[in-house]
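These notes open a run of structures that come right after.
Note that chain A is present in both complexes that follow, paired respectively with chain B and with chain C.
Up next is the complex of A and B:
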């Protein structure tokens, strides 16, 4: 399982003898405790879906959202410590605002990702601060097509066709690999994304959750927005029905 | 290359001596002329021509002087075009920040009017005005809203607003034709007719203009449209 880095895990400015920075690895562990978030890049857009765990019935629905908009055209899904994530969101918004003031246009996603990744990386260099305990997935509809990146607490980022973070990321990735989503448009993708979230949600360990869906693509004119209520309802029904079908078919087989 | 700014004046500037107050901001350079706006039953309509004058030279003939901010708010600007572009950048970023907050609250015409009044008044009080007159309009709590702010920070609201020469020439004409239950089509015709009269009479006007309409269904700017002038009376004038 995970090794204890006794003595070499006290600050981010220390390496262990086998070349690991334990603080960053522990930060990555923090993400594994949060609800699953997935991003799917389709033919003409990007869809985000989130399993937002609700730990108390007393919360207002829609509290503590984990899907954010950066500028008008970029969506960000976060996993891990929400307070840390909010700082990254704020920094990203300032970066894109500065880019707009200097260059007079929408910030390209790979430029923003590079800048935000550099910022996150900076927090892994000094003992005076701790690394961010969150990973972020960014997506937008660029002039060249849909684009999606994920940045983890070490400051490393990759471009993805499909990615997942959080509790059930492995299960989510398995489901994603079964889908040919690169050729789907965002209308279909939204339903598949909701279905994946419902499938990987663990009813036993985590009771209640709220589904969050957002998208950005040609059909939204390049604007990132929460999925409209009617399409959201359609996607949620599709997801619940698929679950029921699967469980029914299991009963038949046994 | 000889320059008007000699190195002598640079060094005295750095040394800190100023010959009097800063005068650059008290002279507009590229300017737009009148903005007209009328409130009808269900929204507002704006008209502003597409000319950026350089003194008496009709220099830039494709300047859009109307700006859509969101589905319920629009502004039209007259005066220094660079000052309008500066305000445009700031207000556009305010609108983007609104979207990011994700709470379904967006800039309303009344709040924008209030904000602009404060900004323009405070700039003028520092003897550094933004040389613009802004007309703010849109839908506020289901009804049309129309407000005026000028470079001095003078602000008011009225169902009919026209700036500059428009306030002299077009306002009386529009007031004669206005009724509280004006329809959108009538309001648009009123703006079109007034733009034509402005083209006849304002020596800094142009025959192409943008038409902006805000209703409960949203905000759109059409154009450039063309004034259809009728010069036939010219032959009767000796």
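Up next is the complex of A and C:
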């Protein structure tokens, strides 16, 4: 889809004759260039997995992380312009903290998502600013069960069972649809999530990447955290082996 | 905390100014107070709130059947003591906040949230207000809860709590007679007896005893009129 705005795409405060705000659509394009991020909502928790592209061997491992914690019980995965995303993380953290100060408890995810989406939407209304060039996936384990939302640069959000953003999002979604993950617990999900990231990663175009994994669920007592090292290693091995099996089985078919 | 004492610094000033030196009755210039005895108790499955029904301006009983148990949400009520105006105004604001909260989050508001909003107001405006409040209710997460917010705006969760000017006279009774794990009826009876004793001794408390019993099923209101109050040693 390469349509030219021809004069209606210069600021977010303008509609095009066919009712589009081009600046917002261009912002959505910015996310398609970033590494893939997925979120999976299982039976008793939410798992995030990230293909964090490493563009230089000189970076320290773990630099420019793309998985964030908003408060103790909410995790956020981001795709798109990292600097824009960090603004959203900071805003979300402030909202969550204010809620706690005012109401004395954990902010419900739906409420936080609504507030953050409103903030992101505000930047699509004026010519003086540009929309955020990032999409965020929020997840949490609440008393009523796990929940996950994704907000895109237009400020629209939906609740998801599984969602993907970034360059290989279509391939990731196809893989997700094969899984029955609504009934899986986060221990199993973490492995499947790692596998999906390894599968959709394009070896040719992007050489090096770091896998990032985090989760929140009943098993973590409702706390969002990076997946512990041993489970991380287990998931990564599972992912790499699945890839090998698939490529092996291809050879056998001939 | 002592309630119902004369906190109006201007009443002396007003007397001489308005009357030209003559001594007018105090209720001409006194603020409307709820002298009060209030109490709340937690039991397995909910809470019981109780209050007397006397509302005073100085020595005059402005309302002898006042309702000091005010609804905040369907399953959260508060007992009000101190200035009638201050506590009514705060309760209205808290009600507004929580209605909003209910719509935005889509769940029944937790009792703790109501209490924290109360505290926020009571603490921020502590210098201008005279309000001692007991917030009590039921929510799905933690069941029955009581939060005590005395003057100054501290917040404390308690299983049983008393407040108002009449409460001073029943600390001994409550401390000695309170038992854990009472049933609904035992709790209601305990509150009624405690408030009756407070009413007997405190001039700023009187009238009837109102109860509000909050459980998962909803709220039951009871009125025990003065003639039906339990009788104790009257000398």
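Just so it is clear, the second predicted complex is superposed on the first by the 254 of 254 C-alpha atoms of A that agree within 3 Å, B and C clash if a C-alpha of one lies under 4 Å from a C-alpha of the other, contacts with A are read in each partner's own complex, and residues count from 1 in each chain.
The rule is simple: a residue touches a chain if its C-beta (ideal position, glycine included) is under 8 Å from a C-beta of that chain, and two chains touch if they have at least 3 such contacts.
The shown structure was predicted, so the numbers you read here are calculated from the model rather than taken from an experiment.
Trainee: For A:60 in the superposed arrangement: first (chain B), second (chain C), both or neither?
Mentor: A:60: touches no partner chain.
Trainee: Of the two partner chains, chain B (first) and chain C (second), which one does A:111 touch, if any: first, second, both, or neither?
Mentor: second
Trainee: Just to be sure I read the superposition right, which of the two partners does A:143 touch: chain B = first, chain C = second, or both, or neither?
Mentor: second
Trainee: Given the touch rule stated above, what does A:93 touch, chain B (first), chain C (second), both, or neither?
Mentor: A:93: touches chain B, not chain C.
Trainee: Could you look at A:72 and tell me whether it touches chain B, chain C, both or neither (first, second, both, neither)?
Mentor: First partner only, chain B.
Trainee: Tell me which partner A:229 touches in the superposition: chain B (first), chain C (second), both or neither.
Mentor: neither
Trainee: So, A:103: does it touch chain B (first), chain C (second), both, or neither?
Mentor: Second partner only.
Trainee: Can you pull the chain A residues that chain B and chain C both touch?
Mentor: On chain A, no residue contacts both chain B in one structure and chain C in the other.
Trainee: For the complex, give me every residue of chain B touching chain A.
Mentor: Where chain B meets chain A, its residues are 89, 93, 96-97, 99-100, 102.
Trainee: Within the complex, which stretch of chain C touches chain A?
Mentor: Within the complex, chain C touches chain A at residues 101, 104-107, 110, 112-113, 115-117, 120, 141.
Trainee: Could you please specify the touching residues of chain A with respect to chain B in the complex?
Mentor: 65, 68-72, 93, 97, 100-101, 226
Trainee: Could you please specify the touching residues of chain A with respect to chain C in the complex?
Mentor: 102-105, 108, 110-111, 114, 143-144
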